[in-house]
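Look at the two complexes coming up: subunit A is in both, with subunit B in one and subunit C in the other.
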Partner chain A sequence: MEALFYIFSFIAIFSALMVISMKNPLTSALYLILCFFAFSGFYVMLDMQFLAVMQILVYAGAIMVLVVLVIMILNISKIKRVETDFHQKFIGILISLIIFVEIIFYIINGSQKKSTGIFTGAVIKKIGNTQIIGEFLFTKYTLSFEIASVLLFVAIIGAYIFAKKKF
Partner chain B sequence: MSNYLILATIIFTIGAAGVIIRKNLIVVFMSLELMFNSANLGFVAVSNALNLVSGDIFVIFVMVVAAAEAAVALGIAIAFYREKGTADIDEASELKN
Partner chain C sequence: MLFWLIAEIIKILIVFAGLLLSAAYLTLLERKIAARIQNRMGPMEAGFHGLLQPIADGIKLFFKEDIIPTEANKFLFILAPIIVVIPALSTFAVIPFGAPVKILGHIVPLQITDVNIGVLFILALTSLGVYGVVIGGWASNSKYSLLGGIRTAAQMVSYEIPLVLSIIGVIMIAGDLSLSKIVSEQSHIWFVVYQPVGFIIYLIASTAEMNRVPFDIGEAEGELVAGFHTEYSSMEFAFYFIGEYAQMVVNSAVIVTLFLGGWQGPLLPSFVWFIIKVFFVILIYLWLRWTYPRLRYDELMDFGWKFLLPLALANIIVTGFIMIILKG
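So, the complex of A and B:
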């Protein structure tokens, strides 16, 4: 398990670095799909197989296909490439390093709460995590579920209006 | 748990650097997706360590929001390209000048 974690985290960090450093956006998109597959490996190791499948179906399937389609529509190879100047690169790396140090500081110095829930790995394996997620979605989180459906409906209309020829 | 949180922090940092550094609209969008995913990994790791499932439910809602955001953001990208003829985000400076 430990070795698998390091292998997957190496893949995830490497492909994330490739996403932001490749010149061609299509190469970045393919590396991002590799990164999503590594993340679904983490979800399997954390006893959430349902989320792993959803990660591959929704992210690597739906969203990345949309991104690749838009790259094709925009015909990105004909657009002239703009290089980032050194000043902006320096500022960006500095800001993200500050964010990194702050979060790591809180992770290391924070105290871990005692585990209070009843859903240990054995319980989740016994009931099945799809059933647990379904029960929670339709009992405790029903209102959020309904709002999510309204949000998706609004997104459909918004995408159609933005991509239309004339506003 | 802290292994997963440190990994999520690294990925989040890479995504934030990508949002600031890159100028292509599509690559900025993909860096945003990286940041979403690292937050998801943090949720799942914490709820696994505390024996809860609330974090996992939250990840599903984050996925819904990410899908809606992807549809609208790519629509905006197409409209932007049609308006400007380029995908460089520095061209969107009407509010500055």
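So, the complex of A and C:
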């Protein structure tokens, strides 16, 4: 299992690096999909099969298809020149510094914790985590689930109105 | 442990060889059935009634010159046909193709792996099939290929939604996402009896997912030469066909598992029943292809969004109501 962790980490980091260093946007998009696959590998190792499949079904199967389509329709086969200004550099350096400090913080303070609650690994293996997630969504977290679905519904109607409007 | 490993590898080899072989021979079956429908003979020269035709075709394609357009993106051009084939082949990993057998005192399930999210696994892998077509169309750097790729992408994204929703009825009745459990739930009655609408929606939407004829606007010969694979030749071209036919076998196997009782059946061994049922569903696909003309682009979109999607949603609601009434 340890070896698998390192393989997935290598793939994730390598493909994430390729996403930002590739000149061709479509190749970047494909490397991002590879990155999603590495993530779903992590989820499987953590016994979260449902999340792993959703990662591929939603991100790789739906969202990235739209990204690829937009790249194809805009016909940007190659980025010719990258323009950077002072603000971009400043914000970029600031964000990467914050993330770096966070990682250091986690490495120093992190320790193995025992899982709390009734859903231990053995229980999840027995009933499967899809059922557990479903049960929670429709009992304890019904309100937030409903709010999310209303938000999505509003977004769909909004998209429809924007697309329908004739200028 | 060693026994388990060897059994697993043998199962994978059987499934892999079986899928590739059936993909090759489906080309012959399709040509023979097309010939029968159009009152012709079909391929007759190679072997008895053309039985060696797929092998002859394979050798011919293998030795053909491999032409890559100069303006094409070489890496993506070669990658695209591979992306079509891999998800199609790996989907079969979760499909049970026979009852568990006993070998040397061990019980071996005839399924490569029984994950507890089998149905979602299939849906996730089918959703990746669109990339091969889109990237192939884009990387060829040709007008026809690009148009074919964009059309196909729009079509596949639209038809994926009814495809997913049509399965939910089955999951609700079975109460499980694992395919082996869904098969064992059907020991008394097939789910097609409870879910006739879901069955028909899945059949139509999967035909659209595979770009077969009533829905093949992506490769429409009359207007787009051959759509996304216009520029392809030699083995890359063959890969698109292997992908398409392997997808057809896999989709038939999924239909058999979800709606037609999987490997269950009287008298004959279980895997024989599975093969017979898959063959039957494949015949329906072929029959559809040679019966209907191609839909126009806007008709196709209207049919997906204004007819199949509401129908699939209504199917879920009605199934839920009936389940509650029968329970209470």
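One rule holds for everything that comes next: the second predicted complex is superposed on the first by the 127 of 167 C-alpha atoms of A that agree within 3 Å, B and C clash if a C-alpha of one lies under 4 Å from a C-alpha of the other, contacts with A are read in each partner's own complex, and residues count from 1 in each chain.
Note that contacts are C-beta pairs under 8 Å (C-beta built on N, C-alpha and C of every residue); 3 or more make two chains touch, one makes a residue touch a chain.
This structure is a prediction, so every number in the text was calculated from the model and none was measured.
Within the superposed three-chain model, A:Ala163 lies in touch with subunit B and out of touch with subunit C [touch as defined at top]. When the shared chain is aligned, subunit C comes close enough to touch A:Thr130, but subunit B does not.
Number of subunit A residues touched is higher for B, counting subunit B against subunit C. Of the two partner chains, subunit C is the only one that A:Met72 touches; subunit B does not reach it. Once the two complexes are overlaid on the shared chain, A:Leu30 sits against subunit C while remaining clear of subunit B.
Looking at the shared chain after the overlay, A:Gln49 reaches subunit C, while subunit B stays out of its contact range. Of the two partner chains placed by superposition, only subunit C is touched by A:Ala60; subunit B is not.
In the superposition on chain A, subunit A positions 54, 62, 66, 73 are in contact with subunit B in one complex as well as with subunit C in the other. Residues 5, 9, 12-13, 16-17, 19-20, 25, 28-29, 32, 35-36, 39, 42-43, 46-48, 51, 54-55, 58-59, 62-63, 66-67, 70-71, 73-74, 76, 79-80, 82, 84, 88-89, 91-93, 95-97, 99-100, 103-104, 107-108, 112-113, 115-120, 124, 129, 132-133, 136-137, 141, 144, 148, 151-152, 154-156, 158-163, 165 of subunit A are the ones that touch subunit B when the two sit in their complex. Interface residues of subunit A facing subunit C in the complex, by the touch rule stated above, are 24, 26-27, 30, 33, 49-50, 53-54, 56-57, 60-62, 65-66, 68-69, 72-73, 77, 128, 130.
By the touch criterion stated above, subunit B contacts subunit A in their complex at residues 1-7, 9-18, 20-24, 26-27, 29-31, 33-34, 37, 40-41, 44-45, 47-54, 56-57, 59-61, 63-72, 74-79, 81-82, 86-88, 90.
Partner subunit A is touched in their complex by these residues of subunit C: 73, 75-76, 79, 115-117, 120-121, 123-125, 127-128, 130-131, 134-135, 137-138, 146, 149-150, 153-154, 157, 160, 177-178.
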